[in-house]
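Presented below is the structure to which this report refers.
All chains are identified by letter, namely A, B, C and D, in their written order; residue positions are counted from 1 within each chain.
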Amino acid sequence: MKILYFAWLRTRVGTAEETLTLPSNITEVGAMLSWLQGQSPKHESALADLSVVRVAVNQEYARAGDPVSDQDEVALFPPVTGG
Amino acid sequence: MKILYFAWLRTRVGTAEETLTLPSNITEVGAMLSWLQGQSPKHESALADLSVVRVAVNQEYARAGDPVSDQDEVALFPPVTGG
Amino acid sequence: MIRIQTEDFDPGQEIDGITRGRTDIGGIASFVGTVRDSDGDDGITAMTLEHYPGMTEKQLAALEDEARKRWSLLDCLIIHRVGRLVPGDRIVLVVTASSHRADALESCAFLIDWLKTKAPFWKKEENADGERWVEARAEDTDAANRWEIS
Amino acid sequence: MIRIQTEDFDPGQEIDGITRGRTDIGGIASFVGTVRDSDGDDGITAMTLEHYPGMTEKQLAALEDEARKRWSLLDCLIIHRVGRLVPGDRIVLVVTASSHRADALESCAFLIDWLKTKAPFWKKEENADGERWVEARAEDTDAANRWEIS
């Protein structure tokens, strides 16, 4: 699974992009986030407050109950501030 | 009293501007309009439907009960259509 | 700023003039009104804009004052053309600048809505059959009334 | 039309490009967002805009589709810059053209409100103390929510 990080999530995790293997028993976005939090202290710290984390799966906004698989491109980022 | 006409009121009355002497017993816009209707058949026809006539006294919108005198500049015109 | 003129205007140049050298503006809203070649079924070949010199400037200045009272504006410009225009020609420009976009967007809509019902301009359209004075539209009054001004 | 670019844009040229040669447009609304030199108490010296290439284009195209569904538009343009900008620089341009002014004005406000809450752009501000990521504002979400989109 390709995971992209943007803005301060990129800074805190310490990378813009990483490839991880999603366990096959994890099939929803919410469970994936819990699993990601356990990857390293940096992941845990960056993802400590999920209320300020937005998720996109294959470049579409996704919610906790939406499906996700190891073949997907997942992006994590803070609420957007463009315009 | 200087009276200005605009748009189709100008065309129907047949002049852009005229000077008339307002009788001293006429002191309100509504009474002035009735008096103006009696000035000629053209005035009567142009001012037949007062719902589509707007009045300005000294370049400010005025209503039937507003004061008017022989010293004022009065303008009559249809509802505006600019912009 | 208010301008009534027969000449055309350049929206880009006017927007640039308002923003150039300033670093306190966050948003600039603008509206350009242009002459359409049809109004319902009628093909329009030209249009003439008449106005009431003196009162027009007063009304537009009062509208600008009202907008500056209601919203926090850093600048405000209204240009309205008069005379004969053909389809595609620009008629009116409203530009508003503010620190925040909502003030700029709302005041721009307010100004053009009110200009359409308060400013003494009248349009005469020419088509294949001749010419006719444009009638005021109830929806313009409705649009203006939502701003609750008297 | 959607454009994401590092280069500046010319609002007047873009408006002209949309209107030139057309006689069916009655109104063109536009909004230009610019970098302010302060945000509350902080003096801002520069700002960097990051985005999510691919998703940004998809989101903006979806916003344009939604605007064209809700309003009768003859044209629609969104330009958003990315990279490092300084106070006074232009960030974003929205232009909408329609036969009637209400469609142009409302869709322009809709697009900029939604762009602020849906399009994956993030601002990092630099001031005398260093740099910080700009936090999303609740009032931007409120502004977007009044359009009742999900």
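The definition used in the following text is that a contact is a pair of C-beta atoms (placed from the backbone, for glycine too) under 8 Å apart; a residue touches a chain by one contact, two chains touch by 3 or more.
Note that the structure is a prediction, hence the values are computed from the model and not measured.
Chains touching both subunit B and subunit C: none.
Least step count on the touch graph, subunit A to subunit D: 1.
Farthest from subunit C, judged by the mean position of CA atoms in each chain, is A. Computed centre separation for the pair subunit A/subunit C is 48 angstrom, with centres defined by C-alpha atoms.
The geometric centre of subunit C is 23 Å away from that of subunit D, both derived from CA atoms.
Here the CA centre of subunit A is 72 Å from the CA centre of subunit B. For subunit D, the set of residues touching two or more other chains reads 33, 101, 112. Counting partners per residue, subunit A has 83 as the residues that reach two or more other chains. Taken pairwise by the contact criterion, the protein chains link up end to end in a single open path, with no chain closing the loop. Contacting chain pairs (ordered by label): A-D, B-C, C-D. Here subunit D touches subunit C in the complex through residues 10-13, 15-16, 19, 21-38, 87-88, 99, 101-102, 104-105, 108-109, 112, 143, going by the rule given at the top.
Of all residues in subunit C, those touching subunit B in their complex are 33, 49-52, 54-55, 58, 80, 91-92, 112, 115-124, 133-137.
By the touch criterion stated above, subunit B contacts subunit C in their complex at residues 4, 6-8, 56, 59-61, 75, 77-83.
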